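I've put the structures underneath this note.
In the two complexes below, chain A is the common chain; its partner is chain B in one and chain C in the other.
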Partner chain A sequence: MSETVATDYLDCLLKSWSTKSNQPLSWLNQLRASAIDYVSTQRLPTKRDEEWRFTDISALARLSFQSAQSNTDLQAQDIKHLHLKEAKNSLVFVDGHYSAELSTIIDSATLKIGNLSEFLLTHAAILESHFGQYAKFDNSVFAALNTAFLRDCALIIVPKNIVIAEPVHLLFIATQSEVTSCPRCLIIGEPGSNVTFVEDYVSLREAAYVTNSVTEISLSANAHARHIRIQRESTQAYHLANCAVSLAHGSNYQSVSISLGAQISRYNLDIQLIDEAAECTIDGLALISDNQLADTHTCIDHIKPNGTSRQQHKCIVNDKAHAVFNGKIIVRPHAQQTNSSQSSRNLLLSKAAQVDTKPQLEIFADDVKCAHGATVGQLDQEEIFYLESRGLSEAAARGLLTYAFGAEIINRIPVSSLRQQLEQTVLNQTQDNKL
Partner chain B sequence: MIVNNSKTLLSVEGLRASINGTEILKGIDLTVKSGEIHAIMGLNGSGKSTLAKVLAGHSAYEITGGTIRFEDKDLLGLAPEERARSGLFLAFQYPIEIPGVANTQFLRLAYNTIQAQRGKEELDPLEFDDFVREKMKLLDMNPDFLDRSVNEGFSGGEKKRNEILQMALLEPKLSILDEMDSGLDIDALKTVANGVNQITNKDNATILVTHYQRLLDYVVPDFVHIMQSGSIVMTGGKELALELETRGYDWVTANKQSIAGAIA
Partner chain C sequence: MSAVLQSLVNQPYKHGFVTEIESDIAPKGLNEDTIRLISAKKNEPEWLLSFRLKAYQKWLTMTEPEWQNVHYPKIDFQAISYYSAPKPKKKLASMDEVDPELLRTFEKLGVPMHERAALAGVAVDVIFDSVSVATTYKQKLADVGIIFCSISEAVHTHPELIQKYLGTVVPVGDNYFAALNSAVFTDGSFCFIPKGVKCPMDLSTYFRINTEGSGQFERTLIIAEEDAAVSYLEGCTAPRFDTNQLHAAVVELVALDNADIKYSTVQNWYAGDENGIGGIYNFVTKRGLAKGRNSRISWTQVETGSAITWKYPSCILRGDNSVGEFYSVAVTNNYQQADTGTKMIHLGKNTRSTIVSKGISAGHSNSSYRGLVRIAPTAEGARNYSQCDSMLIGDQCGAHTFPYIQVHNNSAIVEHEASTSKIGEDQLFYFSQRGINAEEAVSMIINGFCKDVFQQLPMEFAVEATKLLSFKLEGSVG
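The block that comes next holds the complex of A and B.
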């Protein structure tokens, strides 16, 4: 990426940057400045870049979507339907800007939760030691852009040995057309802590815009986190997301990510098991139709011994939609006794639907267990016959099997109201498919 | 049981079927009346499982000749789901697993589909729960199986019980049980057989497709048919199964040849 090709999209954002107000902390300003420096030497990735070979974002280059201004018109009743009844704490961001009015914080005594600005002075040292440490921007122009435009950030610090039973809802709402928003999250699990959070991207109407998010998660020794990520953007939107996770000794990270929306979405999930006996369970589902493209790139990096990772990624692709999965698993020389499994299963519901799936195993240790498999196909004729023999019509049988294919992932979401919502979404999308 | 003057449920005449151009069924004749239990025995590859699937309407098989009547209907003109709704049931040798769908959801969907067809009342989840738990007692099944995904992680015996549970729920007129005994230990076999015996009555009929005689100790057939190379080569009472058990399938081959020789 030495060649520099200026594009309208980047140019436009670069120009608007200089006018932005600075944060009160010098390290943060430095981080932002070096990020913008990096952006100014870059171009948008194209299909010639190995990491983007299946995902063409050239149309983005032609869009001059400025950084989103805050929208204060939104009222609580406009977003009532988006609240999760199990969540006591919710942070709401509108076009990337924090809204204190729409947010609800109950557990502030046990949990440090809120927008970045509230913690900048009181928790400067902690923030400096985590911010930008996991989602490095020196190989991603989008992570760099997000860092350069960093202003608000959903922050959760779970103190030592604190268990938060109810999920925390981080709600990112898009309301404006033709803008770029840069949502950001930082989740810090101190030793022995336990938290569940839902990172939820929604749109109030069909519109073209760009969401460029970065999430960083750091789990200390024996900390647990369950991360549910729902991408239900407008089907005209671009959703570009980087999530980086660092797992210390004996920590446990479980993630379920569901991609339903966006014209083009790209989710990079990078997990480093930086100490012994860390565990992660990564489940993903993309359910797309029409001309949507959903690209998931994951990298699970086993650095130390006795780590465990289990990954299942599924795609249901209808019409002319296109799903991409690239699942890299690295087992470094010292990461003996690693136990890793990966499965990529893909269901094509139409002749024009397309899936590119690529397991990528890089194993440098010799005493490890790594299993992986990938399947792409249509519904199984024997399965359809079984259901027909119980009286279901062929259409009902196909619908049920398609639903089941997605429900297997959705069932792993530990928040029942969200699970029900998504089951209904999958039901609606699979029952009326044209087959 | 053989009931005098009972009505004919199934009438198969000269049935021929092939798959990918290879003929598997080469002229099957079979009549089943209500109240009766028939056993179809044969070695692997004799065509007995194909017959079960063809009766249920599997689309992979091409019917090249003959007729099948089910009560007053031409079965070959019906889609698999229409056959099921008319009262035909196939218990699978290898029931499929459906991860993501709770067994109770699936059972209720199948039950309500059949009920609607019969013009009977459908059950809501709570009503169905009571109903299905009662039926599960017949098969000594743990109610935990309701909340698990359909057949996922079930042992061979648990899958077979789940099949017979469906038979109990759907109350078919004709049940075809394909290799009900395969993979079952003796206790599971007795439980499953006991379930089948409680479901059978003078108004329905059952066809047991099996390789071995041992199932027939527990579900006693009125008729035993032996299949070879796509035809029924011998028909008798339950004693035929015992004779086959002692003498083996070679005896059938030799016997058939001697009969053929005698005719020639």
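The block that comes next holds the complex of A and C.
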């Protein structure tokens, strides 16, 4: 239906391609060239594609947002309020471009942290063996676009057996309207390492723009990573994100992702447990209102035996907002002793709110424990009555119950200042709630 | 996986014989002439022919769906014979005139058609290949006003009812196989329960495919008027052939105010051999419309046969306070594939639905649960509970769940849960400790696993289903 229209967004980007590749290394240019080749054979997905059945991005297809140029006007003062006090190290990207002035790197001795152009000089071999290896773009036009148009990349390499106590803050700021930016992250955890990082997408003003991000995480044997992902883009923005995680023997990945902003947001999280005894814990919360749409697609792929995964995804949907969740768990043949649980819980606060959820299991091994559950509903009348009988007004009771519903996920964030910020956001949201 | 479990699954199919009955078979191939031939053979009125031709035209514009989680070589629709009827075909006045060979067939199958029918207390309509061969208890049912006959007979005796309801629940262009069925359906059962009548006995249809190279396309239409109630049973078997045969049926149920329809199926079409050669492709569209207030439609199915089962008995809950239920056990072994589940479309206020689905996979088979629960904005206070459990026997098989939950009304409460398990060594050990051998233990565990569904089946069917399951899985566990 939108075949001709769909090429607009892509066309516009494709035209701006060609001479922009100024990277010094040929492997990266090759990768980008093959990504652009792939994009040129593709169209934007429509609701006819099963993966995009509930998320209509035809409005995006009509936009002609060019790739973002760098913006150097931003002062440290402007983004002071966004800093996390626990984070010693932070990398700041403005519209996808690295800003050395705004970033702070203290631990460079123990932790290798930096951006693409630096690392291409100092760690080219490691980069080449990891970059683009997990977020494959052969089935995602957006991952391919990101690969082709990325300006820079946030890089963290945690050396063997190093434990980084303080979180690393990766801050992606959108300042321009009607542009496309392509943030990128690569996190490599070497054997036995341990790191916490916050991937934070913010906008300084209400504007329409596109963020198309890709994050790749590779954990070697017994490495641990805690990944906190906050999406608080402008409510007119489009946020399209792919995250690919590869877990080696005995590694442990914990993720909490919170979606608050964007007109339409889509987060694809693909986790592969490529060796035995890997573990992952995935929590997600979407808190949306008005005409927002938040779509989360996750795929947890148990390839080897003895893996463990636990997932909980919650949506709080108000007004005419629309939440989509698709959680797939695959247990490959011979991935015996897999233990996996998944739950999708959805709270509808208004009559016009919508939820489409699809928890999906694909199991090819017999000695496994897998369970999933999904619920959709409104606040329990009895719970409200109970609180009212304790002297709370109905509005307060509803606010409290909604807050508690979301707080279960927020409480899993290991960074206290961020947790408090988010708790406040949820409280404000629930108090505004004219019920 | 111990040898006892393995040896438990591999019982031979016992309905695989062919009856030597001369058949009247239409030449293979599908075109307008075939449809006219079927229509002429059945001496059909003009409106039905135009219904068929409309469906055929629609079918020509459609493409075979590919989204399902089953794999099979493309079907050559021109290599199928669309009409096959046992000869001689003269009007049968009583059961005594039925071809004795045919009767022996059903005797072998254990279908209570004759005096045994009286003992079982079930009225039976028997469809052999494409044509209804016998209906029992017609008179007794007619006394209370119930019409129970083959659909081709009803076309002549009650054309107004057929015209009013045929194709209203499953429109001719609903899906590829429903369109095909609407174009070429040869027979099926028709059942009409008038206002206020509770059907005094269970009604039953027995389907049998006999001729190689033929497809079976039957059509069932059940209408329950205000305050009526009926329990309907369906059984299916087919002989053992090396070729795949297509079975594309359509079942339509209509329940008016306060009506209650219970539809039970024990499907045991030939499933192919242990290497996946042969077997029936069972691509069926079943849908019930709970049209009236407080109406109830309940589907119970035990799916053990067919090389490929692909069906979603659905309920459209349009009437306020209407209830939809779906209870299913799907067992796959060897190279069988099943993609089955249900759709519950909540439109009316305070509509409720329950889904209980149990999948058991063994051998190299794959079984999928695919379900849709949709709460429309109009469905104030709707309620759904779904549960789908899978059991895997062996590490070569697969179990999949694809539950779609779409909620567009905040007063709805929807719950879904699913689990996957296996028969644990510790469970078997516990049984053997109590002096129960592995084979019996497995049978007990599986029966316990399926209990929620079997409880919904009428007595005779529940017994048959239990037996069927233990045959089916014989040799697979241990």
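Please note the rule applied: the second predicted complex is superposed on the first by the 428 of 435 C-alpha atoms of A that agree within 3 Å, B and C clash if a C-alpha of one lies under 4 Å from a C-alpha of the other, contacts with A are read in each partner's own complex, and residues count from 1 in each chain.
Operating definition for what follows: a residue touches a chain if its C-beta (ideal position, glycine included) is under 8 Å from a C-beta of that chain, and two chains touch if they have at least 3 such contacts.
Bear in mind that the values here come from a model prediction, so they are computed numbers and not experimental data.
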First (chain B), second (chain C), both or neither touched by A:Gln360: second
Broader residue contact with chain A after superposition on the shared chain, chain B or chain C: C
First, second, both or neither for A:Ala208, with chain B first and chain C second: neither
First (chain B), second (chain C), both or neither touched by A:Ala124: neither
Touching partner for A:Leu349 - first (chain B), second (chain C), both, neither: second
Touching partner for A:Val376 - first (chain B), second (chain C), both, neither: second
First (chain B), second (chain C), both or neither touched by A:Gly406: first
Touching partner for A:Phe385 - first (chain B), second (chain C), both, neither: first
First, second, both or neither for A:Val368, with chain B first and chain C second: second
Contact footprint of chain A on chain C as seen in their complex: 1, 67, 375, 377, 390, 392-422
List of chain B residues in touch with chain A within their complex: 56-60, 79-81, 83-85, 89-90, 92, 95-96, 98-101, 106, 109-110, 113-114, 117, 149, 166, 170
List of chain A residues in touch with chain C within their complex: 50, 54, 333-334, 336, 346, 348-378
Complex contacts: residues of chain A adjacent to chain B: 380-383, 385-386, 388-394, 396-397, 400-401, 403-411
